[in-house]
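Naming follows writing order (A, B and C), and every chain is counted from residue 1.
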Amino acid sequence: MLFLTRTLPFLFCFVFGMTGWVIYYVPHEWAQTVEREIALWLRLVYAFAYFLGLFSLLSLHWSKIRQRQAGWAYSLIVYISFGVMTLFVVYNDGHGPFAAQATTGPYQWMFTSVHVASSATMFSMLAFFISSAAYRTFRARTPEAAILLVSAIIVMLGRVPIGAYISDIIPDTMQWLMSVPNMAAKRGILLGVSLGAIATSLRIIFGIERSYLGGGD
Amino acid sequence: MTRDSYVFVGFLALFALVNTILVANGALSLDWDGLGVIVAAGCTLALYSFLYKDNPLFKFAEHVYVGVAAAYVFGITWYNSLYGEIIVSYFDIGEKGANGGGHNPWVLLFPTLLGLLMLTRFSRKFSWLSRISFAFVVGVGAGLTIPRYLSSFLLGQLEPSLAPLTLSWAGLNLFLVLVGVITVLIYFFFSVEHTGVVGHASRLGIWFLMVSFGASFGYTIMARLSLLIGRISFLMDDWLHLM
Amino acid sequence: MDRLLNIDRRIIFIFVLLGVAIPLLIDIHLPIKPTPTVRAVYDEIERVSIEDPDRPVLVSFSYGASTMPEMEPMTRSILHHLFSRGRKVVGICLWPEAVGLAQPIMDELAAEFGMKYGTDYAFLGYKPGAQAVVLNLGQSMAGTFPFDTAGTPVGDLPILAKVQNLKDFSFVFDFAAGDSMEFWWIPYGQEKHRFPFAGGCTAVMAPDLYPFLQSRQLVGLLGGLAGAAEYEALIGVSGSATSGMEPQSVTHVIIILFILLGNTVYFTTRRRGGKA
């Protein structure tokens, strides 16, 4: 059983990992075909992964409803809104689920009126909280914090038209900050991240890193 | 009733009154378009009510959103991938099946099996089978990453950092970029103690990083405010017709 | 002084709200000057329109509803520019929500410029898989998007008749709310096929992409609403990004003033030996 639960997944990981890596350097047609099929398989498997997320969400809210936890009625609302929207998905503006997706109808209406409005609003609320947080915590306590603060102010002024309205020096300085010191730091971080990603990938392929298998047998 | 209850009821009454006026004076039409604007405005205001304090109206809107979002993504995944690519190819439905441009169904057997194995995660008894799918996804992901990150990020980014220097303003900037990249890398290199020359270089690296973090902070403020501007524009223009 | 530092956060909220709402009602009009990274995108589209007019342009929509106020204006600007130059445009989505957001804009602007579906433009919808989709596109267009959103096989779309893979596009543009430019398009697409590539992203993502501008892996970049406003200025259209620059400027000043006030109070209190 240990072979099936731990060794077989590792072999899968090793074989497909090495294949994905090595074929990059092989320009032959068959190698390109293998790469194409692997990429196709990968993105089709991703499509199934959506159901993991959905199951996780629904089971979380189901357990709240079943155990009558505080606020369980809101979990019921998740189920109701999910159910109504799913009906519209299946209805597909009268074409049914085995047809191309309709671009009109109740599904699109719910998307625009509820989903788009709510999603955009949720993220826009951060404008208020980030402003409040900036006022309370953004302090030039140390030379490093002062550099950060000055850089932020120059970027905030230079990136919008009022910066150029005050003085052309502000957007020019902003442009230089972005293109030289900011770019150098981001490149340093990117190089570090890339080395880390490559090292982790090697650890995964050679079975040193197996946390993706989860615990237990 | 508490003060918050009054605020809550007053808010709902005001929302209803405003919409009645907007419909009565023809600013909003009494059809699905008009109703869509009212619902969108209602969702927006209900979520913004959190800025006053956490309340049932916010929680209601938040949970409606979660349910709708989950089903929306289900619809997109179904029509664009599961049905639109896999089922259509298996069953060769009409002209849109395998012969009409879909995939060879035999080629799809393996990824379909892997996808279905992934769903065994829901079962306590058979969840170990899902490891095979995860191993495939993680393994292929790792294998594809190595050569591409080497080429795009390491070589692709080192080359412009090492461009020839000239005695000009552009040359000075190139030099500063080189210094910045090296000192930032030194700062992240923890295998050597950060004292002496290494310490100074590391400190300089921190300054470069601080400029970068400041820029990121400024841009983040800008992004969040842009989103707010979008929503306020919607409320003032599409809903209230004030602009 | 301490009371000033601990004011009710809702007072700050009201200032921010008014900073957005009032400039939307009053026309302040601040001139918008395009930055080099934005102008580079404009110049590249002009260049391919002259030097490479036959091959279509690929636009990828990698954003969702949460970032729509930033991404929609740049989607409109870029598509407006492409259609106004008679460019053939193929749209794909790498984020699921982008289907419902981008398709109506593409249809609307195509109709405005008299572009015909299938011949002048096409919308192929969404495929899950992120970087795997980009990698797959590099190998086979029809193998990645067998059908458009209406269910028409891509082989039946004249616009894609000569397109085998990413190499056959004259220009690729990604509208990115996340890291799709940096971690999907550049390593899995542009690295191998070397097509001219540019993008528009949320302001949050913009600073991370500057290394790719200098390395020329990115031809140009539109960063956030300001980038979209600059592009509107370049194509001579006054859209929602342009009108958004007034409240954007005012609220930036308000937040800067709050930060300066907070620091002033903090240092004054500290000098007096108090806690802050």
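Everything below uses one rule, namely that a residue touches a chain if its C-beta (ideal position, glycine included) is under 8 Å from a C-beta of that chain, and two chains touch if they have at least 3 such contacts.
All figures in this text were calculated on a predicted structure; none of them were measured in a lab.
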{"item": "Chain nearest the global centroid, as defined over all protein CA atoms shown", "value": "B"}
{"item": "Farthest chain relative to chain C (centres taken as mean CA coordinates)", "value": "A"}
{"item": "Chain A and chain B, separation of their C-alpha mean positions in angstrom", "value": "5"}
{"item": "For chain B paired with chain C, centre-to-centre distance based on mean C-alpha positions, whole Å", "value": "13"}
{"item": "Chain A and chain C: spacing of chain centres that average the CA atoms, whole Å", "value": "17"}
{"item": "Two or more partner chains touched - positions in chain C", "value": "13, 16-17, 66-69, 97, 99-100, 125, 127-128, 135, 143, 147, 149, 151, 203, 207-208, 211, 214, 223-224, 226, 248, 251-252, 255"}
{"item": "Touching two or more other chains - residue numbers and ranges from chain B", "value": "51, 72-73, 76-77, 79-81, 84-85, 96, 103, 144-145, 148-149, 153, 157, 177, 212, 215, 219-222, 225, 227-228, 230-231"}
{"item": "Junction residues of chain A - those touching two or more other chains", "value": "40, 42, 44, 46-47, 49-50, 100-101, 111-112, 115-116, 119-120, 122-124, 127-128, 131, 134, 149, 152-153, 156, 159-160, 178-179, 182-183, 186-187, 190"}
{"item": "Residues of chain C that touch chain B when the two form their complex", "value": "10, 13, 16-17, 20-21, 24-25, 66-70, 72, 96-97, 99-100, 125-128, 131, 135, 142-143, 146-147, 149, 151-156, 186-188, 190-191, 202-204, 206-208, 211, 214-217, 223-226, 240, 243-244, 247-248, 251-252, 255"}
{"item": "Complex contact set, residues of chain B against chain A", "value": "32, 35-37, 39-41, 43-44, 47-48, 50-51, 59-87, 93, 96, 103, 107-108, 110-112, 114-116, 118-119, 121-122, 128, 131-150, 153-154, 157-158, 161, 173, 176-185, 187-188, 205-215, 217-222, 224-225, 227-228, 230-231, 234"}
{"item": "Of chain C, residues touching chain A in the complex", "value": "5, 9, 12-13, 15-17, 30-33, 35-36, 64-69, 97, 99-101, 103-104, 125, 127-130, 132-133, 135-136, 139-140, 143-144, 147, 149-151, 203, 207-208, 210-211, 213-214, 223-224, 226, 229, 245, 248-256, 258-259, 261-263, 266"}
{"item": "In the complex, chain B residues that touch chain C", "value": "51-52, 72-73, 76-77, 79-81, 84-85, 88-89, 95-96, 100-103, 144-145, 148-149, 151-153, 156-157, 159-160, 177, 212, 215-216, 219-223, 225-233, 236, 242-243"}
{"item": "Residue ranges of chain A in contact with chain C within the complex", "value": "32, 35-36, 39-40, 42-44, 46-47, 49-50, 99-101, 103, 108, 111-112, 115-116, 119-120, 122-124, 127-128, 131-132, 134-136, 138-140, 149, 152-153, 156-157, 159-162, 164-165, 171, 175, 178-179, 182-183, 186-187, 190"}
